[in-house]
Amino acid sequence: MTTEISVAAPAAAPPSVFAGPPKGIKAILLHAILFVASLAMLYPLIWMFVSSLRPEEEIFSNPSIIPNHIDFSSYWRGWTGLRFSFGTFFWNSLVISVLSVIGNMMSCSLAAYAFTRLKFAGRDFWFALMLGTLMMPQHVVLIPQYVLFLNLGWVDTIAPLVVPKFLAVDAFFIFLMVQFFRGIPKELDEAAAMDGCGPWRIYWRIMLPLSMPVLATTAIFTFIWTWDEFFAPLVYLNDMGSYTVQLGLRAFVDSTGKSDWGALFAMSVVTLVPVLVLFVLFQRLLIEGIATTGMKR
Amino acid sequence: MTHAMDRRRLMTGTAAVLGLGWLSLPALAQEKRLRMFWWGSKERADRTFKGNKLYSAKNPGVKIDGETIGWSDYWPRMATQAAGRNLADVIQMDYRYIFEYARRGALLDLNPYVGKALDLSGFDKNSIDCGKVDGKLYGINLGNNSTAMLANISAFEGAGLKVPTGDLTWDEYGKLCAELTKAAKKDGFYGSMDSGGLEPSFEVFVRQRGKNLYSEDGKAGFSAEDASDWFAYWDGLRQSKACVPADVQALDKQNIETNPLTLGKAAVAFAHSNQLVGYQAVNPNKLSIGMYPSGGAGAKPGQYLKPSMFFSVAGTSKNPEDAVKVINFVINDPEGVKAYGVERGVPPSSKSRDLIAADLDALGKAQVDYIASVTSKVGPLPPPPPKGAGEIAFLLRRTNEEVGFGRIKPAEAGKKFLTEASSILSRG
Amino acid sequence: MASIAQPSSGLGQTVRKSLPAYGFLSPWLIGLFCLTAGPVLASLYLSFTNFDLIQTPRWVGTANYERIFTNDPKFIAAMKVTFTYVLLSVPFKLAFALMLAMALNRGIQGLSIYRAIFYLPSLLGASVAIAVLWRQVFAGDGLLNAVLKWAFGYQGPSWISNPDYALYTLVSLSIWQFGSPMIIFLAGLRQIPQDMYEAASLDGAGPMRQMFKITLPLLTPVIFFNGVIQTIEAFKAFTPAFIVSEGTGGPVDSTMFYTLYLYLEGFAYLRMGYASALAWVLVVIIAFFTAFSFLSAKYWVHYDD
């Protein structure tokens, strides 16, 4: 433990890049712009919420955003309407998303570290290959992948959705971390290496603590994208008891027959809540990351 | 060594994941398990799960795992499972796709079971034959269905007009709708939807001329002139404002929730009889159900009774006999028949129809009455659609849009449609 | 590793030096070889067959590729749609994301609320609600036309269902969902050391100068990342068209994105062999663009190393 490099350096620098927050008329102007932009962003949520309170027959024929009845029954109907309660779907989605976050943070940071800081034969080749895996449209690899997972006995389990995350199949995050790791000054790990630190310790003690913003970004994105994903769960999860929230939402709607639209919109709103809460919580991590990286140079 | 520790942690993590995965596998048991897969939403799921439970109660030792999802997600999952030779034992099938799957050998021929595990004695010939592909029986009809015109009653009555029925010719229908548009005086509200891009509507039109959409040998059965006349008819309706303009019709994704009737832009939708319930649920006004316009004096009947959907058995099923028994249960056993009701269409077997007659609500009754009333007015089953028919349905829609947006004249559109359709058919 | 007898040859040296790196890469390598490589190679093989998902694939040589390049007007149409989408959506989305990231990086009140609100559209992802919503905004009687009429007295067309404009509504959908690159830009801005600005301030550099001399140059690795990723994603764009046009690509094929066309060929018309060939053509095109970006990066991306 000789190489305890202090990374928790200058405490709480003001979280601003320019010379402090804008004041007076400028601040009002900025707020006004941001406020108007916010309305455009919030419109869907408001609209979804209003639709969830509407009687079924009005949802499509009434374009107004002001509800004339307020009826929360679609929430109860949506939560309990399918054979399993929506709580089951939430739990399934949560398990898959949390495991995916853990998997991606571990496996992608390991690979990204190797690509940025270690010298090895074939580095450019592997890197190009890694980027290449980003380019393949998922629909054509889906079938062979399904056959593969079927032979492994993984279909109808969450393994096809989670195991790949532990094996860094999401090259997006490797590439993202590579770009950020390259911004961390090399002097730090060179100094550590001089002190006899091996690559593992440099990774664990220097790279990871200095990479909070990108790790937080990875966590947020992985969680949200896994939460929103429906194509892979659609193919790999057959039993309704193992459905994710997105599959649950889709089970309300059958465009050829009678659908429960009120319940769909009600549960769409409910489904947004956890990701929104998570986002608000995690973005703090993303911001506080600055305290540790502010020491650069 | 931390390095090794990490690897161990990684491995236990992965193992934990795998373990969790295995946990969600159904527990092994001595009982036979069948899988059943269908599309539809909540009500159908409730009824189907109920039917499965009743079956298991009567047949101890057989358990049916139900799998369900909405229509649009159904087919990619189905295709993937077919590619993996992992189809459910009992599969709900659609009239379009059954030919695609049967001809490629994904489904089981049910002929050997007829008269044994499968009792079709209540079915008339038409109801059995519609599940046959190249002489083999691949699907059991779950409900009779036919094309139907759904109209907003109060819109017509409020304007002092007669609600349209199948007694009208196409021209009379166009005039009526033009009058409605005028009388309604509502901005952006028209008499009819534009049905020029809907394959079932075009098929009815072609059949009224004594032809078929596809011939027995899988070629186009209509002429360029037929297609031109069809596109010109709808172009005329657009001009006279009898139907919605092209940019309103383009909002329709050929499903219930985007149909101009549902969006409050038109008073008539061209649909299928089993969709009445779905349309009524999202429409504030009461809807009537009637036949499509007729071809006039001397014309042939255009509509026909088609299956709303089938149950098929996968060719890879390990328990085909049990799968067939499940199907038999829902088409013949009073408990099974009652559990399903008319939710999948009007039961083809008259015995089953009598069984459920007492429990029907108003919409269900309207559906049953409609099928009863059209049965004497429909034509025979058309030849089975060839490979590529699905793509041609898309093509029809696109060509009608091209006419609607004024990119091509109806006369040319008919020729172009026939040429492109023929080239799709020859590719297969 | 130290206990391994020292190899004398240069090759042994290289191998030994590379070992730790391969240790770090091992999860990824296992994933690559066990999960990714097989399906990718299988799809390459299938692109030379007439695979229809159900029957055993039959080898057809280069027939699929020949058809793509000589006899497929839909391929050309889909290419046009996709290129238009890439060229319009990527720059605007990135510019938007960067501008808002910079605005939100300032210490104003209610920062975290704004950030969450701006990320909200991206949270909706492929939600079924998006289709209905987009129609409410861009249809003839939609929100946009109501605003246009109120502000300018102009009666607009039905943007979303007119073949001349439909694609642009999808471009705007993409721009509206700018949350992910915005977050990445924010994270990048956070990595720029504060003291550089302080030093520049002392030298009398104004905000504009600071932006061009410090912020933008130091942000280039992140700009590069977002550019490459967004371009790849835009080429592969599927969800917007699939959700908004419900898989039809209409009106008149004006939103027939390349991957939507590929999906229809594979899953709706059961021509998976042909769809695989289409996919590989797309991979080559994307690879070309990506390689070009990496070559150009030498001239404008500033790394610390």
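As written, the chain order gives the labels A, B and C, with residue 1 at the start of each chain.
Note that contacts are C-beta pairs under 8 Å (C-beta built on N, C-alpha and C of every residue); 3 or more make two chains touch, one makes a residue touch a chain.
Everything quoted here is computed from the prediction, not taken from an experiment.
**Student:** Viewed as a graph of touching chains, is the assembly arranged as a line, ring, star, complete set, or other?
**Tutor:** complete
**Student:** Pick the pair with more C-beta contacts: B-C or A-B?
**Tutor:** More C-beta contacts join the chains of A-B.
**Student:** Measuring centre to centre with CA averages, how many angstrom lie between chain A and chain C?
**Tutor:** Computed value for the inter-centroid distance: 16 Å.
**Student:** I'd like the Å distance between the centres of chain A and chain B, where a centre is the mean of that chain's Cα atoms.
**Tutor:** 38
**Student:** Which residues does chain A have that touch at least 2 chains other than itself?
**Tutor:** In chain A, the residues touching two or more other chains are 60, 106-107, 143, 147, 163, 166, 198, 200, 230, 250, 253, 255.
**Student:** Show the residues in chain B shared as contacts by 2 or more other chains, in ascending order.
**Tutor:** Residues 3, 10, 72, 76, 79, 83, 253, 255, 257-258 of chain B touch two or more partner chains.
**Student:** Touching at least two other chains at once: which residues of chain C meet that condition?
**Tutor:** Residue numbers touching two or more other chains: 27, 53, 132, 141, 246, 267, 272.
**Student:** Taking the complex as given, what residues does chain B use to touch chain C?
**Tutor:** 3, 10, 72, 75-76, 79, 82-83, 100-101, 104-106, 188, 246-251, 253-255, 257-258, 388, 390-391, 394, 397-398, 401-402, 405, 407
**Student:** List the residues on chain C that touch chain B in their complex, please.
**Tutor:** Touching chain B: residues 23, 27, 52-55, 131-132, 135, 139-141, 157-158, 160-163, 166, 245-248, 250-253, 264, 267-270, 272 of chain C.
**Student:** Give every residue of chain A touching chain C within the complex, in rising order.
**Tutor:** Listed in rising order, the residues of chain A that touch chain C are 13-22, 27, 30-31, 33-34, 37-38, 40-45, 47-48, 51, 60, 63, 106-108, 110-111, 113-115, 118-123, 126, 129-137, 139-141, 143-145, 147-148, 163-164, 166-169, 172, 174-176, 179-180, 182-186, 198-200, 203, 213-214, 216-217, 220-221, 224-225, 228, 230, 246, 249-250, 253, 255, 264-265, 268, 272, 275-276, 279-280, 283-284, 286-287, 289-290, 293-297.
**Student:** Can you list the residues on chain A that touch chain B in the complex?
**Tutor:** 56-62, 81-83, 95, 99, 102-103, 106-107, 142-143, 146-147, 150, 154-159, 162-163, 166, 198, 200-201, 204, 230-231, 234-235, 238-242, 247, 250-261, 263
**Student:** Which of the residues in chain B end up touching chain A in this complex?
**Tutor:** 1-3, 6, 10, 13-14, 17-18, 20-22, 24-26, 35, 37, 39-46, 49, 65-73, 76-77, 79-81, 83-84, 86, 253, 255-258, 262-264, 274-275, 277-278, 281-284
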